[in-house]
Structure formats: C-alpha cells, structure tokens
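Below you will find the structure I want to go over with you.
By written order: A, B, C and D. Residues from 1 in each chain.
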Amino acid sequence: MPVLHDEIPDDADFDAGRARGEFSNITPEDFIRGSGHGNPPGWLSSQEIEWARRKMPMPYVEIVPARTDTSGAVTQVGTLLCVDDEGNIQRTLITGRILYHETIREAIARNISKDLGELALPVLPPSPQPFTVAEFFPTPGASEYYDPRQHAIALCYLVPVAGDCKSQDETLDVEWVEPHSDMLDVFASQMPGGHGKLLKQALLWAGVL
Amino acid sequence: MPVLHDEIPDDADFDAGRARGEFSNITPEDFIRGSGHGNPPGWLSSQEIEWARRKMPMPYVEIVPARTDTSGAVTQVGTLLCVDDEGNIQRTLITGRILYHETIREAIARNISKDLGELALPVLPPSPQPFTVAEFFPTPGASEYYDPRQHAIALCYLVPVAGDCKSQDETLDVEWVEPHSDMLDVFASQMPGGHGKLLKQALLWAGVL
Amino acid sequence: MPVLHDEIPDDADFDAGRARGEFSNITPEDFIRGSGHGNPPGWLSSQEIEWARRKMPMPYVEIVPARTDTSGAVTQVGTLLCVDDEGNIQRTLITGRILYHETIREAIARNISKDLGELALPVLPPSPQPFTVAEFFPTPGASEYYDPRQHAIALCYLVPVAGDCKSQDETLDVEWVEPHSDMLDVFASQMPGGHGKLLKQALLWAGVL
Amino acid sequence: MPVLHDEIPDDADFDAGRARGEFSNITPEDFIRGSGHGNPPGWLSSQEIEWARRKMPMPYVEIVPARTDTSGAVTQVGTLLCVDDEGNIQRTLITGRILYHETIREAIARNISKDLGELALPVLPPSPQPFTVAEFFPTPGASEYYDPRQHAIALCYLVPVAGDCKSQDETLDVEWVEPHSDMLDVFASQMPGGHGKLLKQALLWAGVL
C-alpha cells in the first residue's frame, strides 16, 4: 500500500521553507518552544511524529474544496494529484494534521494554502461542526477509512474557494470535477483509503449529487 | 401578544411593489400561474394564506446574519427592529416562508435581500443541513417556540454577509451585536417567541459564545 | 411516472380506520377541529390536500429505519415495498407529511408506526437537526429529488428500530439490506425520485458505507 | 485553577483496576503492545501523556448524558460531581481521551461506563457527526474553552441513557437537572472551562431549552 506524502515537514523540509522565507513571522521564542532543530511551534520532529503515530490518534482536518455558483450551490469539487513517498501518483483531498495550539479554522486555512496556494480565497466554515468525522485506522478493514501510517480522526469540511487555485510544491495538479460528471466515479475510485467516499458524501451533504 | 409583520405581502403590497418595479423579471405566464390579482408564482392571497395557516405547518427559513473576520470566525450577529401589525416595535431575525417551487437557498437569498437590501452580499450555506429546526406552534407552551399566527417549521441558518446592510421598507433598523457583549442578553430578551434562543444557539454552534 | 401511495388517508381511509378502532383516543372536540367528514385534527380532505399541493411546499419527514448492533453501529437499513396508485410495485423509505400542530418527533413516530407497525420500538432522534433536507420538486430535473405530486421539503432522519417490524396495510414487505451488500446498489436503484440517494447518504452519515 | 481528575489512569490506577478484574478480556499480546508496566493497548504512561500534552492536540469525546421520555424528547441532563487533583469539588460532564485504535463509539461507551457504571444502558449515536466540536486550549482566553492541562479537541455528543446510573470510583455523585429548572443555570455556572456552555448547547440542539 503506497503511503501518501506527509503533511508534516521534517527538519529538512522546514529548513528549505525557512530558506524561502516562509516562516518569517516566527519569533525566537517560538523556536525555543518548537521541537527539534528550529521547527515552528506545534511541529514535531520525524522521530516524535513517528512515536506519536504508534501511540495516539492524530487529529486531522480533511477538506473538500468546492467551486460554487452565484447562488452558493456547489458546481465543482477539487482533488489533488500528488506523488507519494514511494513515487506513485495518488489522487487525494486536502488533509493535514491539526497542530498544537492551532485552531481548526487555522488548520483548514493553512492546509488549503499549502495545497492550493495563497490566492485560493477559501470561505472558511462558520461552525466547527463537520459534515462527518472519518476515523482512519492503520488496520485495513477496521473501519471504512484506512491510513497505513496512523490512527487519524479527521474532521471533514466542504470549503468553497473563490480565488485562483494552483498546485503547490508537493502537488502535481489540482483537478476539478462536476457532481454529475462521469469523471466523478473515476476520480472517487482513484482515491484510496476511503477519501473517495468522503468526496461523494460531501456532495450528497451539499445536496448536489 | 403582538403579531410580527408578515413576510407574505398581500395583494396591496404586491401592487405597491409592482409600482416600484420590483417584479419586472416576472413574465405574464408567471402571473397566470400565480394566485389572486396578479401575484407572482408561489405567493398566496390573504385568504389563501389565512386558510393555510389554520390547516398546515408552514415551512420557513430563519436566518441569523453574521459578520465574520478574515479567518471566517463570527464577530457580530445582526437583528432587525421592525414594527408589528399593532404598531409595536419588535426585535427579530430574518425569517420568511419558503414559497412554492422555491429552493431553500432561494428563500434564504430572497429574505436577506428583503430585509438587508440588495448589497448585503450573503455567503449562502453550501448545504441544506440547518443548525437546527425550530418548531413554532400557535399554542403558547406547546414547544420552545411560539408564533400566534401559525404552526411554522423553521430551518435555521447562520449566514455571513460581506456587504452593506441597510434596513428596508418594513424594517426600522439593522442592529449588530458582539457575541460577548452585554447587549447580547438584552437583544435576546427583546426577541419574542423563542427567536432570542435561536440567536444564542447560532452563536454557540459557531463556537463563539 | 408512477405515483407513490399518499400517506394522507382520505375520508374513506379514515372511515375504514375508525371501523378498525384506530382512532379511539380522539375526542369529539378533535373531530370538530378536524377537516371534512370526521377526520382527525391536522388531516385534510382530498380536495384540500390537492389544493395545497399546487400552492405550497409540503413539510415532510423521511426516515431511514436501521438495525444497530450492541455498540450502536448501523448493521442494516430497511426499505418498503409498496404498490403505488397505478398498481406498480415500488421500493421506498418511510415518508410522510407533518400534520398541523404535530411535532417532528410525533410525525416520525406516527409514520414509523404506520409502515412498520406498533412494535417497531423506534429510538427517536434526540435532536430535530436532520442529516439532510431533501427538496422534492414536481418538475423533473429542478433538483436532485423529484415528486410528481408536489413540492415537498423532507427533513431526513436515520432512526434505529429495536423491535419487530411488520409490513402494514399499504406495504407489501419490509426488506433489510446490509451496508456493504451487493443488494444495496440494487435496492437504491429501485427507489425513484432520489430516495435511493438518501438511503446511501444516511449510511455515509452513519459512517458505515 | 484547579485541575480536573484525568481520565487516563496511570500505572497505579491500572494495577488497582487489574486487581478488581477490570481488564480480564485483555490478552498477553495486548499487554506487549501497551505502554509501561502492563497497561492495556492505547494507554500511555504518566510520562508519555505528559509529553504528548505539551506537543499535540488530544482528541476527546465529551458526552452530555440525558434522560428521555417515551417520545424520545430530552427531559433531564446529567452532570458529575467529582474531586479534582487538588481536592476541590467540581461539576463536569463525561469527558475522556480517545485511545489509540479505539473508535469514537467505543470511547463514548467506555467513558459512560467509567462514570455512570455498567448498567447505564447508553443509546450510542448512530453517526459520528457531533453536535459541536469544542476546542480547549491551555491558554485562558484563546477560545471559548479552557483546559489548563492540554489542547484538547472534544467531539461533543448528547447520549440518552436508559438504565441505572451510579457514581463510580472517581465521581462523588451524578446529578440530573431539567432543562427549564432554575438549577440549570446554577449547574452550568459551576462547570469551569466552558463545559457549562456545552451543557446548554446540547439542550438547545435537542430543542428543549
């Protein structure tokens, strides 16, 4: 089973990010509070995240990005094409760990920005009530959702995006699909671990499937 | 018990509206399909609405308009000051009947436009799942919600508005209140029939009370 | 398009029911408040319901009955086989109009009792928040849901039933299906008007599909 | 600020529990997979939980136990009186960490059993969608919810209990309150950290406040 790219950069990722100036608003105190070699607050070193994944459920957000028409109805949902750790191409949704002392809203905004860029202009949900909670277990068949890396508890939201969405560093492409398109079933079937079901559930919840 | 102004204009209201050019996009066929003396589709004459209110539950939308910050968190909620049929000033939320062949989304947009104007720029909810359903009965004490006119089943939504909100014909003023302001309890206590509870429930649902 | 049997008995149905003693707890005052020739309160005559269906959206409950295991997880969902007004066999969910001055909870209980019998022992939902609201329009294609008779606004609930479920007068059979059974798609495809989608959405919402 | 008793027993608690035969269905393999000196799977040693609490958000369930009438409507909600680590009496709801490889449903059942006993007969929710998600931060004022020990993300459910509820080892008493009782405000005000708001929100969500 291929492993999706991890949303948590390890030290090397962070150093690369710092070289690009991504963490310029982080203060020295933040670094002291952070883990490992200068990680920002809430981030864990590779060893720490590895330990935590074998010991605790990891709180996640999972986001279905959506295009809406002028009436607010969903017209398209977005999926990501990315390369997993083993070099395989995967289709997935926007998903990421909620960091220490980060709000759900901040985690949603950060992960959308990470995968769709700074100009996506997401309309963040007014309430923390998710449309569902997906329980991913590292044991295949233990639930509807499977993640070989960890036990993840994913709060799932559909988030309209009004701006320009561009694939970022770790993503090959952002592909959109209409609810009644034949491609929806194709896309859903390409999304392992139950993410395809979440895509469909988001559309049913939005009343457009 | 004073009676709130009705959101359903009777023939006279409609004629006045037509004089103001409000229904210019309605075709002759629509008029033929409408009720009474030239009402648009879905509207009922005074006699019809009176009959229906004694015979059937009336489906409604009830909307808590909200201001949000850049992160999408609710910072203010809006209430309306209006004059009821007996001349008393009342504080209320945006509420209106769902018309025949009108979607929930259209009913929300129409009622926001009616009470806050055409420039309110509401962000309509992506899903029809309401944060609650309030059951108003004409019998005091039959439920948490009371409407002397009718049995109404109100689908309740919190709707962020991004634009200019101006009180319209039937409304004296639009007044906003912060979640942790002392005025919130004052406002809620001024809203009869259980609408004050819906205001607070919307804020609790949004995680800001 | 065949028309499903209507949940609102007309006078003849009611007289038959009274002959069976079904309405023995209704007082004379109730009859006076009711419509037509002795209908209980909230019921409409055939003419009245016909009029209302062309003029107003009709508030409905739609119920997915479910079997649960000792942990509360859904193991089966139930569907009804019934004969429509034109003599065709149809598969459907439990659905019925909310009557005047009836609570949503009462409407759910009444319709479950009508279709599954008095011994079904439903576990009614603690909250009126539905898992979705399905908007049925009499115009095919106007929304995801189609009802040739009317514009219906259906509050949708999944309701565990713990007791014996037996098909009643208007129903040929109650058939259950497991979430991961091949029969689920067959059943869903046999349910016209979008009811099959609601069956799947209920299972996705319950986290077992 | 007093600290509530922790739901995670440390080794001593576990040994005491094993002496009472509480973990008799745990296999030797489970012990090997567990942490520390014979803890069951998913449990952490005191040092581990201490580390995790400073590094990661902790996924929790928070449960409002409820009594319902024959129609399923909530008539009472339950609160716990317990002694915190500093010896102060506190009123709280049922709350506990979701353990590694434990489902949300199992976490709800386990924590109800822990606080109300084995005979509480909870009616577990059919869906993982919570009525809200409460974000507790260790920084006062960072959100509506405060937990001095940790950043906790609590999935909140109202759970009807049909059986006998008895206070357990760590709880002094289980006290019930009616939605419209004067005691509700008293109880809510005695619940620190925002738990009193969750009590009220649960009742509003249930449509009985």
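By definition in this document, contacts are C-beta pairs under 8 Å (C-beta built on N, C-alpha and C of every residue); 3 or more make two chains touch, one makes a residue touch a chain.
Model, not experiment: these values are computed from the prediction.
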Target subunit D, source subunit A, minimum contact steps: 1
Separation of mean Cα positions, subunit B and subunit A [Å, integer]: 37
Intercentroid distance (Cα basis), subunit D paired with subunit B, Å: 39
Shared interface positions of subunit D, touching two or more other chains: 127-129, 131-135, 143, 205, 207
Pairwise touch network: line, ring, star, complete, or other: complete
Residues of subunit B touching subunit C in the complex: 35, 44, 48, 52, 54-59, 98-104, 127-135, 137-139, 142-143, 151, 153, 155
Subunit D residues touching subunit C - in the complex, by the definition given at the top: 66, 68, 71-74, 105-106, 109, 123-129, 131, 158, 160, 205-207
List of subunit A residues in touch with subunit C within their complex: 132-135, 143-144, 197, 200-201, 204-205, 207-209
